[in-house]
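Here subunit A shows up in two complexes: once beside subunit B, once beside subunit C.
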Partner chain A sequence: MLRLPTFTYHRPKTAAEAVAIASEHGKQAMYVAGGTDLYPNMKRRHQTPTQVISLQDVPGLHAVEVLPDGRTAIGAMVTLTELEKHPHLLQHYPGFAHAVREISTPLLRNMGTIGGNLLLDTRCSYYDQGHEWRESIDFCMKKDGAICWVAPGSPRCWAVQSSDTVPVVCAMEADVELVGNAGTRTQKAGDLYRDDGIQYLTKKPEELLTRLVLPAPGTWKASYLKLRRRDTFDFPILGVGVCLWFEGGIITKANIRLGGAGSYAIPASDSEKLLVGQKLTDELIAAAGAAAMKPARTMDNTDQDVYWRKKVAPVFVARALEACK
Partner chain B sequence: MSYEPKNPRDGVEITVGYRGLGGQPDRLEKRTVQPAEGDAPPWDANTPFAVVGTDVDRTDGIAKASGRAKYAYDITFPGMLQAMILRSTVARGVLTGLELDEARKMPGIGAVVALKEIGNKVRFVGDAIAAVAGTTLHAVRDAIEKIRATYEAEAHNVDFLQLPDAPMLGIAGDIDDEWPADENVDGALAAAKVTHTGTYRTEVQTHSSLETHGGVAKWNGKDLEVWNSTQATFGVRGELAGALKARGIEVESLTVHAEFIGGGFGSKFSAGIEALAGCLLAKEANAPVKLMLDRFEEHTCTGNRPSALMQVRAGLDDKGTITAWDWRSFGGCGFNGGGGSVAVPNYYTSQAKKRASHKELAMDTDPARPMRAPGHPQGWFGAELFLDELAAKAGIDPLEFRLHNDDQTIRQDQWRFGAERFGWQKARARTNDPKARYWHGVGLASARWGTLGNAGRPAHGITCRIHQDGTVESRSGAQDCGPGLKTVMAIITAEELGLPAERVKAVSGHTSDPSGPASGGSTTTPSLAPAVRHSAWLARQQLVELVAKHLGVPENQVACTGGKVGAGTAMLPWNEACKLIGPNPIEARGKRFDNYKQDPFFRGVCGCQFAEVEVDTWTGIVRTTRMLAIQDCGVVIAKKLAESQVLGAMIQGVSYALHEQRIMDRTSGRMLNGDFLRYKITGPKDLPQLECIMHTVHNGHANTSAAGLGEPPSVAAPAAVANAVFHALGVPLRHLPITPDKVLAALANRKV
Partner chain C sequence: MTEPKKVLATFQVNGEPHEVAFLPHKTLLEVLREEMNLTGTKHGCELGECGACTVQIDGKPILSCLMLAVDAVGKDVRTVEGLANGAELSQLQHAFADLGAAQCGYCTPGILMTADALLAENASPTRDEIKQCLAGNLCRCTGSLTIFEAVELAAARCRGEKAEPSKESIYGS
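Take a look at the complex of A and B:
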C-alpha cells in the first residue's frame, strides 16, 4: 500500500519567507502547489522531502493578469481548470489553453497548477514504480540507484519530459519569473530546462517559480498537439508545441518543440529552418514535418512502441503546423 | 396472475422458443415438461409478465452511487488493525532465510505470520512470504521493511515463446513447425477448393477489478466472521475452514459476508492467501484485521487471462462450406501450467473433418485464473478473424459466409436482424479512398455460452419473507458481484406477488442465508432464479390462504396482482392483506430443483456483435466508433441490468482488442505496467457508440428459464473489432492488442 511518509508542512505568507525556509532546509525541502505530482511521488519515495512548503498562502501567485504592455502574467498557483476556462486565454492564447485542457483529467486539473505543470518531474517506466518495485531491481540512477535500465550502458538518465504545457510555452518564448535569495529574476521559459532526466531544471532548488508571462498577442500563432493512447487520460508520449511568427503571410520565425520525446522539449531545428522566410503551404508543412523525425529521441521507457513514436513525430508536427494556418 | 397451486402429475404443456426480433419469424413450439413435485408451475412464452423483462432500476444503484454500499474495503471496527503482505522479489527460487523477530518488535505491530517456510519454493515475483498487522499502514510498512527474507534465485522465464517447448516462429510471426500428419484432415484439405492458414496471438490480460482482493477478519472466541471481496461466499467459507483446520486452529462457526463486491471477473473464487493471512493475523493479534491488496499486487498476484498462440488451417468446398478445420494452440500460463486452454466456435464446422490440439506452457509468473469466458475471447479472435480471411480469399461476404456455415437457428435469426439494424451491407460495401487519411471498416463475430444453471448439491435455496407491515424480503447467501442478483431476486419475487419491484428488499452475500453457487460460468441467475421464484410462490400460497379465509372465498380464486390480493371485486390492498399475517412473518424456503429432464428449447445462449472502426492511416491509431450486440440469455429477467452487462462486456472487449497487455521485464521477471496508468484500459472518451438488443428465449428448462449472461457477450467483442480492422486495412492484424505500431507496419507491408 502506498502511504505518504511523514513530513513537516510549512505555510509561509510571502515568497521571500518560502525561499528562506527552502534555503534553510536545502535538499530536505520542496515546494508544493497542487500536489498532484509531488504527493504520489512521495508515496513512491521518488521525492523524500522532510519539509514541504505550501504556496497556498503566498500572495500574488493566484491571479491571471494582463500587463500594460499586453503580455499576460499567470501566477504559479492558478489551477489548470481556471486556465482552460479563462476567456482571455481562450481568445488570445488558444494553443496554450488547448495544451492545458489536454492535461490529465478534470479532477486533477482542479487541483493541479500551472507552476506545478511547468516543473513536472520527468517520467520513465523504470522510475514511476513503487519503492518496493524499484528496490527489487536495485533502483535506477534517477533515484537511489546507479544504472539506467532503459539504456544500461548510458552514463545519463533518459527519463521523459511529460508536461503538456512546456513544449508550447517554450515555443512561444514565454518568460518565467523566479524568486530567489537575491530577489526576482526573469528568464525565457526554454532556459528553465536541460537535457537530463535527473537534473531537468536549471533553476536553483530554493528558487521559487512565481509567474509565467506569455507574450503579447500579435502576428504569431501557437499550437499544441498531444499524442497519447487514450483520449480519456494519459501522459503525452509526444507533445508538439509550435509557434510561428508571420509578416505579410511570410514566416519570420518558427519554433517547434517536441515534448515526450526526450528529457526536455527538443527543438526540431531542421523543420524550423525550412519554415523561415516561406509561406505556410501544404507542401512546406509536409516537408517540415518529415524533417522532425530525426530530433525525436524516443527510448523504450514510456507507453507504445519506441520506433512508432519516432515515426509519427512528422505526422504530429505537420498537424501542429496545420493548426497555425 | 393465478395458477393451479400444483403441477399436474401428467406434466405441463408449455410454449417454448422465442418471438422474432424485428421482422424475423417467431419460433415457438409446444412442449410437455414434468416439473418436480412441489415446484412452482413453469413460466413460458405466453406468461403475461408485469415486471420480468422490464426496465427496473438496479435495486442497489443509489446505494452504490452514493457511497452507502459497504464493500469489504469499507468495513471497519474499533481497534481494527491494518495488514500487508511481504512478497517475493525473485521470480523463481527457494526461500533461504526469513527473520521476523525484528518486525514483531516494531511499534504498533500486533501480529506477524510467515506464509512460507524456509526451503519452500518461490514461484513468481509477488509470491506471498509473510504478513504483518499493525495499528496503521505506516507502522505495517515500516515493520515489513524490517523482515529479512533471502532467496536462492534460479533462472526464470516470463516469456512463454522463449520456453523450450514453445513452437518455432517464422519472421512473419507464423508457427513454423510442420503439422503432424492426419489422414482425415490432410485429405479434406487436399480436396478443398480454397484453403488458408494463419497464426494468431493474444497477450496476457489482467482482471483489473476496481476493488482489490482482500477483506476483514474478526474473531469472537472460536467464532470467525469474514468480510471478503469474493465471487463465492460459500466457497470462501469452506476454503478458510479447511485451511484453518489444517493449521490446527479450531473454528466453531464461520460466517462470510460479501454484500457488495467491486468486480471479480473470475479472479475472486478463492479466498486466496490474503484472506487466510487476515484470519491468522486476527487470531494472533486478538483483534479484527483488514488486509486489502494494493493495485500492483492486484495486477501481479491475483490471476490473469493467459496469452495464447494459435494456428489454424482450413478448407472450403465450392459452395463455401467449411470441410476441413485443423487447429493447434499454445497457452502462456503461470507457473502451474494451467488455465491457458483456448476454446473455438464449433457451430461453423459441423460439416468439416476436424482436429485440434493444445499445449500449456508454464512461465514463472502468477497462475491463470478464470476470466470472463476463459479461453473464449482468445480463441474466437483467432477463429473469427481466420474465418474472415478465408471468406475474403473465397470472395464471400463474411455475413453470408456465417449464414451459410452457422448451424444454429437462433444465431441465424440474430445475424439477419443485427445486420439489418447495423446497416451491414451498406457499411461493408463502402470502400476507402486510398488517399484518405481515415479508413473505415466493419466486422462481426459470434458469441456462445452454455449454461442453464444447476440445482447445486445440496440444492441451493432462497428465503422469502412477508411481514405484517407489508415488507417483502428475499434473501440469498450467494453474492451479487455486480451483475445484479439482488435486482433479479426483487423482480422475480415482485412478479410472483403482484407487486412493483421496489417493494421487495433483496439481500445477498451472507452465508447465514441459504446457499447459492459461486458466480462463475454465468450460473448465478440461472441457478437461483428458479429458487427465488419457488420461494415467492410458496410465500404467496401462505398469504393467499389467509386472505381466502378472511374473505370467505376458495383459495383458487384469490389472485395477487397490481399490488392487491383478493378475489373478484373484493381486492385488499397489499398492506391490508399483510395485516392478516400476525407477528410472525410468512417465511418460505424456496429450493432450486433440477432442470427438467425434457430437452430444453436450446442448451445454451447465442449472440452476435457488429463493430465499426476508424483507422488513422497516418498514425495507425484505431478507434472503435460503433458497436451493436444481439444477445440472448434465456428469459431476460432484469432488462436494464442485462443490457448493462452486455455493454460492459463490449467495453472490456474493445479494451482487450486495442489496449490491454501485461508487459513483463524479462531481466527481473516483474510486471512493468502493474498500475492503471500504464496497464491501459479503455476510458470513457475512447468508447464507441454502443447498442445492445436483448433477445428473450424461453428454453423451458426450469420454472423461470433464465440462462447465463456474464460471459457470452465478452466472447464476440474483440473478434468483431479485429475483423473490422481487417476490413478497413485489407490486411489482417493477427496479434492483439492492435496497437498503432502494428497497424503502420501492416500498412507498410500491404500489397498495393
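Take a look at the complex of A and C:
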C-alpha cells in the first residue's frame, strides 16, 4: 500500500485558531480541505507537512451566499459537487459552473473543495511521480533535487498551473478573501498567483482562504474550455478562461487567461487588445484566436505533444470566445 | 517529533458499531481493510485515480484512499459488505451477476457503491447519467458496457418492472 507519512492532525474550531496553529509551525504545517490534492502529494512525498490542519470544523466556510450587492460569495470548503449543481450558479455563472464540472471525477468532486482547487499545487511529468521514480532521476528543483529536467539550464521551475477554475475565475476578476495574523483582506483572485512553479502563490503560507467572491451578474459573459486526453480524471493540459464585458453589443473589456500553459494563468494580451471596442464577429474571433499562439508557453512537461498543445491554443481560444456570443 | 499515538474510536459501518484502535494518519481504506477486516473495499492506485476504494459516507460515494479514518468517525459508513440483506443480494448485485458485469471483479465493489448511490437518488437514470456517474470508476476488463446495462437492469427491477437481461448482453449479438 501507498501510505501517508505520519503527521499530527488538527481540527481547529475557528479561523483564528487555524491561523495560529499554522503560524506556530511555519513550513511544517499545511491546511487540508478535501485532501484530494494534498494526500496524493503526501503519499508521493512531494509535500511532507508534520502538522496537517483540517478546515472542516471552521465555521463560515461552507455556504454559497448571494450578497446584497448581487455578488456571490462561495465558502472555501464548499465541495465541487455542490457548486456544479447549484441553481444560482448554473443560472448566473454558467462558465464557472462548467469549469467546476470539468474537474477530475464525480467521486473526487464529492470530496474536493473550491478553496483547494484555487490553491492546487502546480504539476509536471517529472514531479507527479512516486518517490522511487523521482529518486531514480535524482529528483528535481521543485522537491528534493537541484535541476529542472524540463529546462536543465533554467534557474526556475516551470511546473504547470493545473486548476480548472483558476483561468475563468481570474478572467472574471473575482475576489478572494484571506484571513491571516493581521485580520481579513480581500484581493483580486488573479493577484494570488505568481509565475513560478515552486512559489506559485503570493499569499503567506499561514493565510487561510475563506471565500471566493464572484462579481454580480451583468452585461458580461464568461466561458471555460478544457483540453485533456480523457473526458474524465485528467487535469487540463490547456484551459482557456474568457470573460467579455459588453455595452450595446460592443466589447468594452476582454480578459483571456490560458491555464495549463505555464506556471500561472497567462493573459493572452494581444488577443484581448484586438477584441476591445469591437463587435464579436466570426472574423474577429478567428483573429483573436490566432493571436493567442504566442503567449501559450507550453513546455514538454504535461501529457500530449508540446508543439501540438501550442498549436491548438488558437483553436481553443476561438471556441471559448464563440461560447461568449 | 513525538511518536504518534493510536486513537480509539467507534465507527458505524454498515449499521454496526466497530470499535478500533488506529493511528490518526491512517486512511479509511487502511482502517477498513487492516483493522476491521472488511476487505471487500479494494485498494488500487491509492491516489484517487481509479475508484476501486469507493465507499459511501452518509450516502455519498467517496474515495476511502483519500479520506482519513478519523474523519469518518460519527458518520454513516457503508461498504460493499453492507449491500446485501443477509444472504439476499441487492438488486444491483443480482443484475451484475446476471449480466456478467464483473470479470476479475476488482473494480466491482467500488462500482457497486457508486451506482447504488445513483439509484438511491434517481430511480430512472439515463445511459448518459449512468456513464457520467461512473466516470470516476475505472474497469480494466469489461469495457464498461455490461456495467451500464447492469445498472439499467437493476434500476428497472427496483422500479418493480419484470426486467430480464437481453440475450445480446449475455451471448453477444
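In this section, the second predicted complex is superposed on the first by the 324 of 325 C-alpha atoms of A that agree within 3 Å, B and C clash if a C-alpha of one lies under 4 Å from a C-alpha of the other, contacts with A are read in each partner's own complex, and residues count from 1 in each chain.
In this text, a contact is a pair of C-beta atoms (placed from the backbone, for glycine too) under 8 Å apart; a residue touches a chain by one contact, two chains touch by 3 or more.
Keep in mind the model is a prediction, meaning the values are calculated, not measured.
Colleague: Of the two partner chains, subunit B (first) and subunit C (second), which one does A:T232 touch, if any: first, second, both, or neither?
Modeller: Touch status of A:T232: both partners.
Colleague: Considering only the touch criterion stated at the top, classify A:F7 as touching first (subunit B), second (subunit C), both, or neither.
Modeller: After superposition on chain A, A:F7 lies in contact with subunit C alone.
Colleague: Just to be sure I read the superposition right, which of the two partners does A:T184 touch: subunit B = first, subunit C = second, or both, or neither?
Modeller: Once the two structures are laid over each other on A, A:T184 reaches no partner at all.
Colleague: Which partner does A:S269 contact after superposing on A: first (subunit B), second (subunit C), both, neither?
Modeller: neither
Colleague: Between subunit B and subunit C, whom does A:K311 touch in the aligned arrangement: first, second, both, or neither?
Modeller: first
Colleague: Please work out whether A:Y39 is in contact with subunit B alone, subunit C alone, both, or neither, and reply first, second, both or neither.
Modeller: Touch status of A:Y39: second partner only.
Colleague: Let me test your reading of the model: by the given contact rule, A:W133 touches which partner, first (subunit B), second (subunit C), both or neither?
Modeller: In the superposition, A:W133 contacts subunit B only.
Colleague: Which parts of subunit A are in contact with subunit B and also with subunit C?
Modeller: In subunit A, positions 1-3, 6, 231-233 sit in both the subunit B and subunit C interfaces.
Colleague: Which part of subunit A faces subunit C closely enough to touch in the complex?
Modeller: Against subunit C, subunit A makes touches at 1-9, 34-36, 39-40, 43-44, 50, 54, 56, 104-108, 110-111, 231-233.
Colleague: Per the contact definition, I'd like the list of subunit B residues that touch subunit A in the complex.
Modeller: Of all residues in subunit B, those touching subunit A are 84, 87, 89, 125, 137-138, 140-141, 292, 294, 296, 618-620, 659, 665, 667-668, 670, 672-674, 677-678, 680, 682-686, 739-741, 744.
Colleague: Quick check: in the complex, which residue numbers of subunit C touch subunit A?
Modeller: Contacts found on subunit C: 1, 4, 23-27, 30, 43, 45-49, 51, 54, 60-63, 66-68, 70-71, 114, 132-133, 135-137.
Colleague: Please give the residue numbers of subunit A that touch subunit B in the complex, ascending.
Modeller: Within the complex, subunit A contacts subunit B at residues 1-3, 6, 125-126, 128-130, 132-133, 135-137, 227, 229-235, 303-305, 307-308, 311-312, 315-316.
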